[in-house]
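What follows are several structures.
Paired with subunit B in one complex and with subunit C in the other, subunit A is shared by the two complexes that follow.
Right after this comes the complex of A and B.
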């Protein structure tokens, strides 16, 4: 009996969200199939890859990243260089120096930096906060105001501060809102519902449903993403039809496989290639599971994942 | 004396006439093509644009707009005519104001602001949405004295409310030495009454910017301002016809008007409110607009954090102790009418801590009285249960127990830092108000330390209240309530599990009763507990409902399709993994064995609790096995479909002792069996199936005579 492939194209779609302006603007989401199921329907918008830099410059970066940005004297220089790497679709600026328990840089300083970076590059911009909910509420709201007209994505609006970030980014200044929850389909859904109750257009929301490095409780991440995509497409749940962006760099570079020095574990081999491997493995898995965009740190990871997407999508 | 209709219409006509003359005069001077605009706005004449959808750009268009305004001016004696005449007046005011800006003029000087730029609205919108600015007060006219004006403004300022001033109150505030300006959230608009339109313009532009309201969609506009813009008007007497008609416009947008005017005015409940004493304007206004002030700081001399929750205070470190096992003590939440509660009133009856001997045992009662439009007495125990955590979070205070069996210790250090009885009230007030803001509008706390009074209140108020609550819980049956609730708190680690919580079947974790689920739902409407209707019965005996199946399917994201409430064999309810107990069928005796989590030994099924747990956790349905709460064991609904509790043949001794009283009562009621638990075996009798059957036979256990569960 001949095998008849049955198309699994769904009647529901993931929302399409545009970030950035002009020729370099990107569209994420839009699909009506499971990831890379090109045999069910052609890819609408291939997943996008971003490269991450920090307001802290190279201060906390490992040697290999210092080498990548050798010659850059400022964060703006780094931004200019970062967007030239092969496969980079967008730039992610992480404002980790704002953390009150860390450097505690003033909001104004970080907003000025975000403005300077936005002026320096024409790639779409994603702004990540410092993980402190109170500071992020202020910081990301001010960034939304300062970057008017740039159509940036402001990450890290969480259950605790979604009102500030949602109102400023989503309502007042027409930016895109990143809704961040921690590896739980119901929390992701609840936050989307809360944002829409606030009046934020669900077409302006991108989810970060939480992640981990591959091997570190990663099955929860994959199961959550799978279930979100299934609920969005199979059951047509429009409170979960927002595209997903996953910041991979922070998780992947933090684990011992990526950071333990060659002196400590000579048998593991080159630390740089280990870190890239962790980043690539994690990114490939979240893309295969549901993510519409990933944020990476190493240009080699970016190029590798970008190639993978081209081959598969 | 004129009626309110006559006054509003007269005021409206007067303003309309003035506006018409002013426009004609301007056209005569500058010509119909002269541009008109407010500075720094993309919305032309924002109010007119919001209401009509038309952008007015020249004097000629402004004149044409007057005809549209005329259509709003109904003259029938109906409320709508009054309200729309008010809107017409407001639009005329905007026209008069825009004429002031003609030809690039700069009509407003320090300290007055006049028209506010779009940028200010975008900036204001965020704190308004987040509640950091809880409201917008519009103060119109002159207060009886400058001190009254300053006191009123300061009272709003202290609450974080944005204050806008129109007319005489501006100079009164200046004379009183107040600093005015956007930075201190007191914005003087202008001295003419028409300048009030600049705050209306803020509200309407907020609807366009933040509410995505389409310009010209007046219905959506009014709905937005009513629900989302927490503004209100304080109008000082004399309220003339013009102010009154402007007030009608405010009311149309959903902004209540509070005034000390008493002549020629008929109050409209919730909209036009007379309050002779200006000192009460703040309170009355907040209540009328339903504005709740966020509490950000608790006024106590000690630290307050969850880090102190586990702190133990030893006898030698203790300044004073309140011990419910030795002295009369209790804690109680009571629901009251709005008028019976004075917000943030904290009263102490009896001696304070300084008058108590060091190290002594004393009486205490704290009664938290709450009122709110959405408050229900079913929430009382939910609040009360949180007191334990609230008081423990205070550095140097320890709390155990609940109801009239509490023990509270205050440390010597806490006492030395100045901690006194009223501070208990401050903590209870602040936490109750902030954590339950969805339902608590007002809260007051009474602390009683007078021994006789505590004893009297305990026996006359507290104990009857606790008894009434227990009766309510005991009388709640699955049949007597209109809805059940879902609970998906555990889905983080058990993705396809859904609990259906009913009065007679609490969540399997034992922590979520039907009342808890109900309160969770009302306090957090998009949270983990959602209403499940029970209108479409499939089979009442096994507890199968189409509504329940639909809900379970939805909340399990399609993993589960059918669940029965009362059967362990047919589509039993799933378990996450945090069940207190598991029951499983025991084929030899035709009954079921129950094991609780604490029980470490073997059961007659040849499986331990962890082995049983592996059969039923993770949201899978395994007929014959089911996780549940301890409390459910004595329920009349416990596996009712298979015959109910008379199927129970074995339980660990500790568990049997815990549930004995209630289980025996149920057995007596259902089957007329006395001391049912004596027939139920435990590990001290046997864990061997054959010996179990022998024991049951000897006792004449009813399960032996029932139909086999495995068909």
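Right after this comes the complex of A and C.
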């Protein structure tokens, strides 16, 4: 007696959003099934993997990342090297040095850097802000202007600053807008509605619905993503049909499991291996909960997750 | 069969309104049974066929299977939903380590030596490799295999015997049946003999097959033989096929009420991603969310364990019961009796976020966690579980004033309103209002020290 499989293919789709230009451009989203449910319908666009570098270069990075980029003298050198690693679909440049409570680098300097990186690599580019809403409003708007024609994704448009980032990236300079909310389906939906009321084409929006490292309140992340995909596909809610991008690196590398030194906790073993495992476990879980793209830090994590996607998609 | 409605049940009653069940009418009785408020057997006039039909329809969609004994007994399956937000996941994924009779002695030694190394506690839960999968490779020395099983049986873990040869299985069971292992042995070719063995020894039988149709077929045949003490091995030829089997099994059982697939699953990553430990971690994470009951890996050291056990603890929490940390004094960055005190609630997520930021600040301090019913700061305050009295009570109970000489206490910014009351209840203490968000703590503590 064979198994009577019942398909769960939906009539609704997640929007397809293209980032980058030319041969290296990537498409994220587009699916009409739950993640990797290839037995319901074939994969439309497999999830994409990005590698993250920072404007701060290697200043704040752990030793293993310093080793990865050994020989690189500038952030542009790091960018060139980063895109050559196996499995990298796009490059994420994090402008954390702009934080007024940190380095407080001037906007012009960071925009110049973003331009230099965009010139140096042909991989699609994602720009992440510094997490300060006022500074990001200015910084990301200026980046949108400077990178015109590159079709980049500008992350970190939040409820507090979506007007400036949405207007510049989404309306004036025809880039893609990353709508960032914090682990709540209603907040994610509200921000998407606000952006569309501003006039931003919903086909140009990618959501970052917030994340955490595995073990750190991660149940909220999973349930938020599961519910968003269910609303988008099962109920056809077009205010939630934007693809989801999840920056994993920041959360995963920040927890003590990934950062405590071998001298402090000898029984835990190699810190590099721990950081990679925390990063891949978190990334795999958000992909299984329907993220369409993830941003990672270590090349081994990128290669591992890329391989996993190839196996599953 | 789909769940019966009150009307369906009413049709099966004698419709006499005899009131012997305690309900005024047979219709009312039917409604109560459908809601699960009454047992069908409360009706003395129900025909036996009707009771059989009803008990089948009201049986849980996925069976709960137990293996192991005593402290190492594990409960698998029993799930009722596809997503944790729908209700809750009931029985957590169990992680296991694989040993095989085809391995070199040195490797076997290394695997066995590695098993007890990871054993720690995280928010009140013991984290360790709970399962040992002892695999028998066709054509290898059966005596060596039995010796491996015997050794594994002495390690206080639940065993899975991955063996398709009936004679070898018999020999292996002889040395470990007291441990109630899972005999993952049945397939299309040998299911009758394996079933007889598992039934005679009273152990759970694992079923494996070449593909999903065969798995369904063999499971149906075993059920026809009367064995419903089963676990289904979802491991297919590829990662993709395994994922397809694991998801479709669960979906068939829960959504389409197909009880033949209503059993816990085994996923063997040691077979699917041999040699690639990071890929095994990634896949273990996927199968923790997507329906693996037992996930077997080549090894579990801290690198794998820390993220996976944390993830599992998150995923299998009951959404209605928040995770709590134990109230107490948590010293951070070597904080001692002279270090500044900060207080917050016992909600695990709050604790993790706050303690993480405090660690990042590098400032020695004491984090005082009081019992706030596992709620977040504002919710606990609104529910009256975080108040000046609750803090004063906690100070008395834990004898804070005797243990700590520093007299500065930082309270969460969100409950700044409590400052005056706390000052009144804790004379001699300098009460400082902290930031609203944990992420601002680093700057706050640095400024405070400056």
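We adopt the following convention: the second predicted complex is superposed on the first by the 311 of 313 C-alpha atoms of A that agree within 3 Å, B and C clash if a C-alpha of one lies under 4 Å from a C-alpha of the other, contacts with A are read in each partner's own complex, and residues count from 1 in each chain.
One rule holds for everything that comes next: contacts are C-beta pairs under 8 Å (C-beta built on N, C-alpha and C of every residue); 3 or more make two chains touch, one makes a residue touch a chain.
Please read all numbers here as calculations on a predicted model, not as lab measurements.
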Subunit C versus subunit B on the shared subunit A, clash or fit after superposition: fit
Arrangement angle, subunit B at one end, subunit C at the other, subunit A at the vertex (C-alpha, nearest 10°): 100
Subunit B versus subunit C as contact partner of A:164, first or second or both or neither: first
Which superposed partner A:306 touches (first subunit B, second subunit C, both, neither): neither
Contacts of A:45 with subunit B and subunit C, given as first, second, both or neither: neither
Partner chain in contact with A:227 - subunit B first, subunit C second, else both or neither: both
Subunit B versus subunit C as contact partner of A:273, first or second or both or neither: second
Residues of subunit A touched, compared between subunit B and subunit C (which is higher): C
Which of subunit B and subunit C A:2 touches, first, second, both or neither: second
Shortest span in Å between Cα atoms of subunit B and of subunit C, once chain A is used as the common reference: 5
Contact residues of subunit A, present in both the subunit B and the subunit C interface: 223, 227, 230
Sites on subunit A touched by subunit B in the complex: 137, 141, 145, 163-164, 166-168, 171-173, 183-187, 190, 193-194, 197-199, 201, 223-224, 227, 230-231, 234-235
Residue numbers on subunit B that touch subunit A, as the complex places them: 122-123, 125-126, 129-131, 209-212, 488, 491-492, 495, 526-528, 557-558
Subunit C-facing residues of subunit A, complex: 1-6, 8, 36-39, 101, 213-220, 222-223, 226-227, 230, 254-257, 267-270, 273-274, 276-278, 280-285, 287-289, 300-301, 304-305, 307-308, 311-312
Complex contacts: residues of subunit C adjacent to subunit A: 83-85, 117, 122, 212-213, 215-217, 220, 238-240, 243-244, 247-248, 251-252, 255-256, 258, 261, 276, 278-279, 281-286, 288-290, 301-304, 306-311, 313-315, 317, 319, 348-349, 352-353, 356, 359, 443
